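These notes open a run of structures that come right after.
First chain A sits with chain B, and in the next complex the same chain sits with chain C.
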Partner chain A sequence: MSAAAEGNFRHSMKWLHTWSGLLVGTVLYFMFITGTAGYFNDEISRWMQPELPMVNGSISQKKLLNVAEKRLNEVASESSQWWVDFPIGRQLSLRINWSEKTKNSGGEEGEKWHEEVLNYNTGKPSIARETGGGDTLYYMHYALYYIPNVLAYWITSLCAMFMFIGLITGIVIHRQIFKDFFTFRPGKKQHSWRDMHNVLSVLPLPFHIMITYSGLLFLMFTTMQGVISASYGTGQQNKDRFYDDIYSQGVAHKGAAGITAKNITLSSVLLAVEQRKGENKLSYIGIENRGDINAHIELAAYDYDGLKASEIQIYNGVNGELQHTNKGDESSSAAMNFYNIMTVLHEGDFANYFLRWLYFISGLMGAGMIASGMILWANKRRERANKKGIVSKGLVLVERVNIGTIVGLPIAIAIYFWVNRLLPASFAGRADWEMNGLFISWALMLAYPFCVAHKYTITKIWRDQLIIAAALYGFLPVLNLLTTNTHLGNTLANGYWALAGFDLTMIVFSLCFSFAAYRLHYQQDVTKPATSSLQAIKVSRVKQVNRIIEAAEQ
Partner chain B sequence: MNKQVTNILNKESFAIFLRAFTAIIGGYMLSNLLATLLSYLLPNQAGAGAVTGMLVSYLIYAVIVIWVYSVKSLRDIWRHLFIISAACIIIIYQLIPEKIL
Partner chain C sequence: MMIFANTALFIGFFVISMSIKRHFKQLFPQRKMASLKWLLIFRTIGYTSLLLSASLYITGLGIGLGLVSFFGLLTLVTFMQSLCFSYKPQWLVPIGFASILYLIIYSCLNI
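The block that comes next holds the complex of A and B.
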């Protein structure tokens, strides 16, 4: 490639990078923020149900299983499936699930699932407030909200594709990716934002590429299903054939035979497992085809070997023999192996708390990369517009949407937590209203810059929203203190780190927003060019002084 | 704004739209065709070919989008898109499993 052609190529890539980023920046920012929150979905859910019992340290799983089996015998003696989740790792509650056979008006048989969180001491179910918790936040990053799932998959995949293109072109347009990486020029407005954008992009670049590509792969059975149809044919039935092919079926999951038989208890299997594996290691235990001769008991330890989850063991439900061990590496092909590794990396289930924070921070850096890119776009054009004296409508639009997106979304998520505490625990449909609260407040924050733009400068609107965000996050632990028992005084004193960590993180967020607002307070307003002669003289003098200092340093 | 400027603007924004359309829709179609072709050429034991095709399809898609934006003449792009797509379709038609048709 000649030098001129190379320059051209780089130029067109720069164009593609800028515009693809701008076009879907808001949706990508939303996906990154909510997806990042998802790395702490269990902790967020726990915080949002303060009524659940607080327990610290490990409790004998034998005792827990006794409690669970007793309760299941009371409420689900006829059920064909029982499942018990132990409080271990990030899962903080003793949960039981069971299925109930149902018949609808047409006589069709179905299954209804029930779940209870049990109090370890009393064995009674804990009644906790209804909430979307951290899981709804996490689902939104690919399933969005208010719209059908499949439509959402297409939208998020398209945006992820834009992101992928943005990353590739971003690498192309960087002549000196490593030199740029070590360059930071604080205090020089335009350069500072560019450097910030570069650092936030380059430092976690492997993470960005991994998370974007694997995110695309997650939805490939929907977005690239033409490739499946080309080998298997169209229609759900053929697609199911494909799924059967790629996911090797567990041999031990036999259906019910219809012959009743007496089953052994879950506790007796637990005893046998504990003798071999040690005590209190299980993540869950459950029984399928209960009461049938084909009953089997499934369990897995809470343990990760690198990326791989621990093996699943299946025992005969009548005589307690070990029937099958699923090592988890029985992928049907090398391609599926690769697919599994990418999706596991994306979800980070294997990550311990150190790695989990690394995931969290990388995710926030991804959001920061998008945000700084959006700001950079606006600032560059603002500078040019001020020189020319013509401001385009597009620039004004982006400047305002940027505020409502970059600060408005965090405000909306804070509102989600506020609504969780402020709505009465028994309020009907409260989980829905938590979410409505999020989206209503986000809409308000997006509208706010447009409503007050005739009165205030852009910098002032940025500052307003930053202050709102700082206040909402800063007072969240206070609100928590006023409305629940799970406040910092209690959680810190007793070492409930999952709960204390939430409040402490909110305080850190509040400090970050406060700092940003404080910095903006001393910054000259960008939308007003330094037109007054006095100001112009001042600026030129500062520049002169700077130049002298720079010269002296050299 | 006078009429001439508006005309140029519209022409320019139409060109931008056309290129984006070519990249997004044309790129999607061609990446599907190439991925399908790949899935036929690879051993398709237990769906492995189809999975590999899908894994690679996003990379192909990205390359096509970048190519669409790096070539100046849209007419050239379309000619190439048409020729490659036609070739893919012909080969795919030869290889397609009978039970699907």
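The block that comes next holds the complex of A and C.
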């Protein structure tokens, strides 16, 4: 390739990189922030339900299962399915589920599922406040909120595709990717922002590529419907056939035979498993077709073999014989295995706490990459605009949306946590209102720069929102102390690190926002109040016209 | 073994940074710039150390988990190193040489 052609190619890639990032930057930032929070969804959910009992992981699973079976016998003696989730690893509660047969008005049979979190001391269900928890934050990163799922999948897929284009073009345009590997030059305005964008892009590049590509794969069943139709035909029936083919795991679970039989207890299977595998290793245990001759008991250990989840074991529910061991991907095709590995990598289920923190940090760096890219775009044009005296409406818009997004979204998430603590525990629809609180506050943070732009500079508006964020995150542990017993004094003293970790992380976030606000306090304002910028557009346009007229007259 | 792998990872990037002129000057402001031959030697040692670290991760944790852990920690180590270069480059030299010393002693004791 000649130098000129290479220059043109790089220039085209630069254009693509800039616009693919800018167009969907806000949605991508939202996806990265909420998705990153999702790596601690269980811990966030647990913090948002302070009424649940604090479970010490060392309690015997035999004792816990006795408590669970006793409760299930009381409330679900007729149910055909029982499931018990043990508190182990990141699972922080003793949880039981059972199904109840229902009939609708047309006489069609169905199933209704019930769930309870048990207090292992009393054996009674713990009544906890309704909340969206960390799961809703996680769910939002691909399904968004307030809009139909399919539309959301299309939007998030499209944004992920733009992100992927941004990554590839970013690698192409970055000439000195290895030379600049460690380079961050603070206090050099535009150079500093570019360095920060590079550092946050290049250092976690394997993570960025993996998370974006696997994200695209995750939603391919929505976006690649044509491929499925081409092989299986159109219509719901053919679609179901496709899903049956790819998700069948080689285990034919027998349905109920309709012949009553006495089943063995879950505790007896647990005892046998513990003798072989050791105590307190299970993640869950459950029984299907309860009371029937075809009853079977399913269980799995809380363990990963590398990236693979532990095998699922299925026992005969009548005589307790081991019927089947499901190792997951033994019968899957190479393509399915690849899909499974990519989705497992994306979700990070296998990750221990150390690796989970690395995921979290990489996710935040991804959000930082997007944010620094958006700021870089605006600052570059602001510098040019200040020199020329012409400020475009697009620049003013991006500058204000940047503030409302980059700091506004974290503020909105903090409000989500505040609403959880401030709304009465019995408030009807409180989970919905937590989320409404998040979006209302985000809308306010987006509107704020537009409302105060006539009297404040952009730097002052950044600083205001950073101070708000610092205060909201900093006082969250204080609010927790005032409203619950699961405050730092209690959680640290008892070694409940999942709960203590949440409060400590909020304090760290508060310190980061405070530091950013402090640094901005000493930064020179590069912008005048924004309305005068708009006036500047008019004045400079008049000047331009005058210059043209003068030139024409000469 | 994981501590050994982490140390090798840090040393790998420390030595690679020595092979970049800008960072060499930051690390050793009093010294004369190393010759091209030395820069190449640093680069080779650095990449070898990274390969050693990756192979230790894979041996210890399996290919899947090993690679995920290696790249996860790589991000953290390089980020910390990048912050050090920006604010406290003088810290890197003692930490780097202490790590090399640790790696040598550990290797001698385990051979």
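In this text, the second predicted complex is superposed on the first by the 522 of 554 C-alpha atoms of A that agree within 3 Å, B and C clash if a C-alpha of one lies under 4 Å from a C-alpha of the other, contacts with A are read in each partner's own complex, and residues count from 1 in each chain.
To be clear about the criterion, a residue touches a chain if its C-beta (ideal position, glycine included) is under 8 Å from a C-beta of that chain, and two chains touch if they have at least 3 such contacts.
All values derive from a computational prediction rather than experimental measurement.
J.: Do chain B and chain C fit side by side on chain A after the overlay, or clash?
T.: Superposition result for chain B and chain C: fit.
J.: Looking at A:N494 after the superposition, I want to know if it touches chain B, chain C, both of them or none. Which is it: first, second, both, neither?
T.: In the superposition, A:N494 contacts neither chain B nor chain C.
J.: Should A:S332 be classified as contacting the first partner (chain B), the second (chain C), both, or neither?
T.: After superposing on A, A:S332 lies in contact with chain B but is clear of chain C.
J.: Per the contact definition in the header, classify A:L216: touching chain B only (first), chain C only (second), both, or neither.
T.: After superposing on A, A:L216 lies in contact with chain B but is clear of chain C.
J.: Per the contact definition in the header, classify A:L307: touching chain B only (first), chain C only (second), both, or neither.
T.: Touch partner of A:L307: chain C, not chain B.
J.: For A:M161 in the superposed arrangement: first (chain B), second (chain C), both or neither?
T.: first
J.: One more residue to check, A:P204. First (chain B), second (chain C), both or neither?
T.: Once the two structures are laid over each other on A, A:P204 reaches chain C alone.
J.: Under the stated touch criterion, name the partner, chain B or chain C, that contacts more residues in chain A.
T.: B
J.: Answer with first, second, both or neither: which of chain B and chain C does A:I341 touch in the superposed model?
T.: The answer is second: A:I341 touches chain C but not chain B.
J.: Minimum Cα separation, chain B versus chain C, post-superposition (Å)?
T.: Here the least C-alpha separation of chain B and chain C stands at 19 Å.
J.: Both chain B and chain C touch chain A; at which residues?
T.: Correct list for chain A: none, the interfaces share no residue.
J.: Could you pull out which chain B residues touch chain A in their complex?
T.: Within the complex, chain B contacts chain A at residues 24, 32, 35-36, 39-40, 44-55, 57-58, 61-62, 65-66, 69-70, 72, 92, 96-97, 99-100.
J.: Which residues, counting only chain A, touch chain B once they are in their complex?
T.: 8-9, 12-13, 15-16, 158, 161, 164-165, 168-169, 172, 213, 216-217, 220-221, 224, 226-233, 242, 245-246, 332-336, 338-339
J.: What does chain C use to touch chain A in their complex?
T.: Residue list for chain C touching chain A: 13, 16-17, 20, 22-23, 61-65, 68-69, 71-76, 78-79, 81-83, 85-87.
J.: Could you please specify the touching residues of chain A with respect to chain C in the complex?
T.: Residues in contact with chain C: 178-179, 181-186, 199, 203-204, 206-207, 304-308, 341, 345, 350-351, 355, 358-359, 361-362, 365.
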